[in-house]
Amino acid sequence: MQQTINGLASGSIYALLGLGVTLIWGVLHVLTFTHAQVLTWGAFGSLIAINRGYPVPVAILVGMAVAAGLSVLIDSTVLEMLRRRGASEYAFVVATIGLAFMLESILRNRTRARVEPYSRDGFPRGPIELLGQNVPKLQLAVLATSLIAMAGLAIWLNHTRAGRGMKAVAYSPETATLLGINPRFIYAVAYTVSGMLAALAGVFVAVSTASVSYSSGDRLLLTAFAVIILGGMGSVPGAVVGGLILGVIEVYATVHVSSKFSEVVAYLVILVVLLVRPSGLFGAKEATRV
Amino acid sequence: MFEWIPAYQRFLLDVTLIDIILVISLLILFQCGLFSMATAGFAAIGGYTSALLVTDADWPVPLGILAAVFVGATLAVSFGLPVLRLRGIYLALGSLALAQVIVIGIANVGFTNGVFGISGIPTEVTTGWLVAIVAVILLVMELIHRSHFGRAMKAIRLDEHTAAGLGINVFAYRMATFGIGGAMAAMAGALEAHRTAVISPDQYDFGLLVVLLTYMFVGGVEHWLGPVLATIGFRILNENLEFAGTDWENFYYGSILVVVMLLAPDGLTSRRFTQRLARIFRRRPDLAT
Amino acid sequence: MIARRVVGALAALMLVTTACGSDDDSSSSSADDENPAASEPVEESAEADDTASTADGASADSDAEPSEATVVRVGVPLDLSGPAAISNIGLSELSAMELALEEVTASGMLGETTIEMIPIDTKGDKQEAVAGVLKLIEQDDVDAIVGFTLTPSFLAAGPQAVEAGLPVIAVGVAAPGITEVGDNVFRIIPQVSSLYAANDAMIAETLGATSAAYLYTSDSETTVGIHEARLAALEDAGIETKSVQSNTTADTDFRAQLTEIQNSGADIMVISGFPGQFAGQFLQAEEIGLDIPVLSTDGSGRNEVLDQAGSAMQCVIYTASWAAQNETGRNPHFVEAVQTELDDEADLYYAAGYDGMWMFSTALADAGSADPDAIVEALNNITDFEGAFGVYEYDDNREPDISGINLQIQDNEVIPWTPDTQCER
Amino acid sequence: MTGSQGNAVLEVSDLTVRYGAAVALRGIDLVIGEQEAVAVLGPNGAGKTTLLRTISGLLKPAAGQIELDSHSMVGRPAYRIARAGFVHAPEGRSMIAPLTVTENLQLGAGRRARSDVAAGIDEMIELFPSLRARMGTKAGLLSGGEQQMVAIARALMAQPKVLAIDEPSMGLAPVVVDAVLEALRKVIDSGTSLLLAEQNARLALAVADRAYVLVHGEVVKSGNSDEFGDELIESYLT
């Protein structure tokens, strides 16, 4: 039971990341290798705000703003230029890998590769009794916040003008344009949302270790890819379910096989899903869904 | 044969030659339209196969390297069979996951000595061998480039369906290329193990792939000569520039990748880019008059 | 056409080769030009007893008239750049070596002889390490090598130095098997794995533990080595293993592993990990209510770790090969010198560099010449060397007999641990 | 020609479009007045779709002028041309398949006040009563005729000045075509101008006030609908 909660809590962080990546893939057909860096920059953004004495909710918003700004900047410069050139799929992969390396080494040099303390003041602390188990409040807060963010995203996508616009652009940018929707605006919105979700994940990672470093997000990039491949690339419900499932599988691998094995779970998931069912749990074959 | 070169320069030359083999192994896949990220994984397989056979089973070094080539090819083909029906990004992710599984596997099983790696590997690989191997590889690359095989690869890269329509067995070509690429990367890994004497799982990380991608795209993907020259050029730069080895090195490699993708997605020696350059230069006199 | 291209490519390769070759040959008389890290210009000097030279004919013209051995050249391969976490270590080692060299020179113990340090950056990369050491041997004509930050770099490049017959003092490496590379290889930092193993059983016994659970970082040879030695030592001491959990250096969530350890019912938890992850591990352990005694790893008492983890680190015990709290040997002086001269807090890596240079200087003074065999002999015969690690000497395997110091964290302070130390969580 | 249309809503003059070296449209002049229905006729490949795509901003003209309500549209991005009042329902209906009919209609209502959207949808149901039962259906599951109705309705949700429709009759049963034409007449009556690109000349002329005949990218004939006798139609369009 405790272990399932552990799995769901880390899985909800995976889901937040997976949502961001799947949204970008769904709308732009770009796989962003920069996503782990966006997470880390967001976490550092909130760290700076916390160190300046801002209350936690404000600090989280600052982190989200930093991550969203960075995402939009990446999109409106390098990726926009690549789009204008009609660059091929691999060019986006290579360019975002290059960007990720640049972003990482900037942070690494700025922080001199140190692990910075991340204050837990203002975040929930200690355990709470739940169903006869001692569950850390922080974990519950992570789980709850993630679920709220995901529900919010689902409502926003399905019941607002911008959400419909995003679905329209994802399905056919040309048709959307003819209906008066500005695809570049939608792209920016997608990157903003994706950056905000990544920053939220980054804050959770930083709080649960009370520290943040330039490499905090490293492990999570391929995990996020595993999430969206499992859920189906471009599928929002897929990212949520995929993230939670992956988190639980990793924990169960630790419990029932070996903690050594949990490291490789994400990669095995990628391989197995690609071999058995490339469209994932929720993906439509060759189609794009948001 | 090359003993007149001081050991220090000879070592750098050897390392460069090994890098060339790795870059070519990546290039040959790319030329067939396969964007694979598994190179580091195959290099690890090669390095460990030969190192283990030579140190634990007392095989002679050349036999160890041959075994590495064989294992690399076999693994590539058996992985390729199910995976090659994937396209584009799916293949890239699948191959990246494969490389990770290989390297993590090596780090976590007993007979590879885990994260400690293997040290004291016999270093019989000489510059003469490496020059010969690279010469043969490049010669074969040139022959392929000029042959029907090379044209078919290009057709597949440019448009798979048209290629299939021309009667090219796309799957067979890709399979063959994947096998050759895996074999070459494994060979490079084995040669490296027998040159540096120490291997450990951490050296086959994502950073290696980024460096190889940089060499390949800066050199251009249309002909082997570009990546070869780029590999040599970067090695010389690395030995002479302050930034090499620092935290900024990643920044430079990253920014080079971004800039090359923006200016010339097929590499700086690609026809598309050189023609554009030529147009720019030809236009200049017009502007002057 | 094929032939032309291939020949062209080969010619290009050869050009590179010869260009490099001639370039460096011509500069071998002033090798420091190529080596921006070298602190001072090197005066042209030749060794009377230069048996180590493996360089080709190009260096033959430098065998000037034999003179008194006035300058001893020491090659210092260290990771001075590369990943910052590593390069900071290399830079600490280098500055402590320079500090030690100043003290040695000021002491006058070497008489007419002076030591010339030739640092070379091995960039945290095996290939760079091999190339750098080859360069030190061939072009800089060094008499000895005192250096190395990382174990893999040493394992790759050490054999080159051994082959050249030079005395080698490995400064920063802590893994087992270092001195097995050659009879002329010595080390400063003791094998940390055996250090922990020696102390863990005693500590566990004092705590009255009969079973243990382990958490270790599985993707680094350092922590895996430590973990394996500790597990073996504790099992030998009759401590039952209840659970073995691992994490990677990139992990941030240890709750699943810690929950397993909690459910295993072990009496103590043994953590072999890195300072960057201690805060997360201890805080998450506290959260899930895991409150058994912990035997941790060196680095647990670092200021930033205590800042991050706070009360979650209360009562954590660990063994250190070096600690500021150690009052023996030259350590009190060393701690103060780092503070005043380098304006920093002393740590393990400063200590390693400091003792490395003092150790070499002492051997050089004892040997009375830079002859490699004489220096190796002198190193083997040193007794009661007083260094930052305390008072020690080399055993038959050229390993330092350093027993380490046990420490404990109480109220965010690091204090020595003894069997009578009481600690309230 | 422009002289007779004092209040032109859309005015295209001397429009030239190239695909690389090939000229797709050459020197096109075209005018649509208020509440006027204009048909562009021509065989397959004559340039009708290219013309619509150029006016709506999807293609960049090599030369020429496009004015909507006396504002130049050349160089504006397509979404701004749509917002300015030239809404193009492309060939093939282009449903956003995963969205329902209602959602597709809502997409079209980008510039309407939120409160006005529901009223707009009601109007569309009135215009195409057969859609009433299909409002909650995913658009990808509709029949071709229903999709054509949704495409027109969706475009109308934006309250365009000019509604441009590419091949509305293509692939539809005659009964459905009649319903579509009937609706288009109502649209014109309600004050919207219409630009109709159609291969089926008889059909188009049944709604259009005037027509242009496009052959090989050039206007070969233009005039009022009644000037196009059967003979003329035969000679150009078969």
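Just so it is clear, A, B, C and D label the chains in written order, and each chain counts residues from 1 on its own.
As a working rule, contacts are C-beta pairs under 8 Å (C-beta built on N, C-alpha and C of every residue); 3 or more make two chains touch, one makes a residue touch a chain.
Values in this document were obtained by computation on a predicted structure and should not be read as measured data.
*Asks:* Which chains are in contact with both subunit C and subunit D?
*Replies:* A
*Asks:* Report back the single chain whose CA centre is most distant from the CA centre of subunit A.
*Replies:* D
*Asks:* Which integer distance in Å separates the CA centroid of subunit A from that of subunit B?
*Replies:* So the centre of subunit A lies 31 Å away from the centre of subunit B.
*Asks:* Please tell me the distance, in whole Å, between the geometric centres of subunit B and subunit D computed from their C-alpha atoms.
*Replies:* Their C-alpha centroids are separated by 54 Å.
*Asks:* Whole-Å distance, subunit A centre to subunit C centre, using C-alpha means?
*Replies:* Chain centres of subunit A and subunit C, defined by C-alpha means, are spaced 39 Å apart.
*Asks:* Name the residues of subunit A that each touch 2 or more other chains.
*Replies:* 108-109, 113, 260, 263
*Asks:* Using the touch rule from the top of the page, what residues of subunit C touch 2 or more other chains?
*Replies:* Counting only residues that touch two or more other chains, subunit C contributes 83-84, 218-219.
*Asks:* Counting only residues that touch at least two other chains, what does the list for subunit B look like?
*Replies:* Within subunit B, residues 108, 247 contact more than one other chain.
*Asks:* Any two chains that touch count here, so list every such pair.
*Replies:* In this structure, the chains touch in these pairs: A-B, A-C, A-D, B-C.
*Asks:* What does subunit A use to touch subunit C in their complex?
*Replies:* 2-3, 6-7, 9-10, 13, 108-109, 112-115, 117-118, 120, 125-127, 134, 136, 138-139, 205, 208-211, 213, 215-216, 218-219, 250-251, 254-255, 258-260, 262-263
*Asks:* Hey, which residues of subunit D end up touching subunit A in the complex?
*Replies:* 56-58, 77-80, 82-83, 87-90, 94, 96-99, 103, 106-108, 110-111, 114, 154-155, 158
*Asks:* Enumerate the contact residues on subunit A facing subunit B in the complex.
*Replies:* Touch list, subunit A to subunit B: 31, 78, 81-82, 85, 87-91, 93-95, 97-106, 108-109, 113, 222, 225-226, 229, 260, 263-264, 266-268, 270-271, 274-275, 278.
*Asks:* Which residues of subunit B touch subunit C once you look at their complex with the stated criterion?
*Replies:* Subunit B reaches subunit C through residues 2, 4-9, 11-13, 15-17, 107-108, 114-117, 119-120, 131, 134-135, 138-139, 142-143, 146, 196-198, 200-203, 225, 228-229, 232, 235-236, 239, 242, 244-247.
*Asks:* Which residues of subunit C touch subunit B in the complex?
*Replies:* Interface residues on subunit C, with respect to subunit B: 2, 5-6, 9-10, 12-13, 16-17, 20-21, 24-25, 36, 54-56, 58, 81-84, 87, 121, 123-128, 130-131, 134-135, 138-139, 152, 155-156, 159, 175, 177, 218-221, 224-225.
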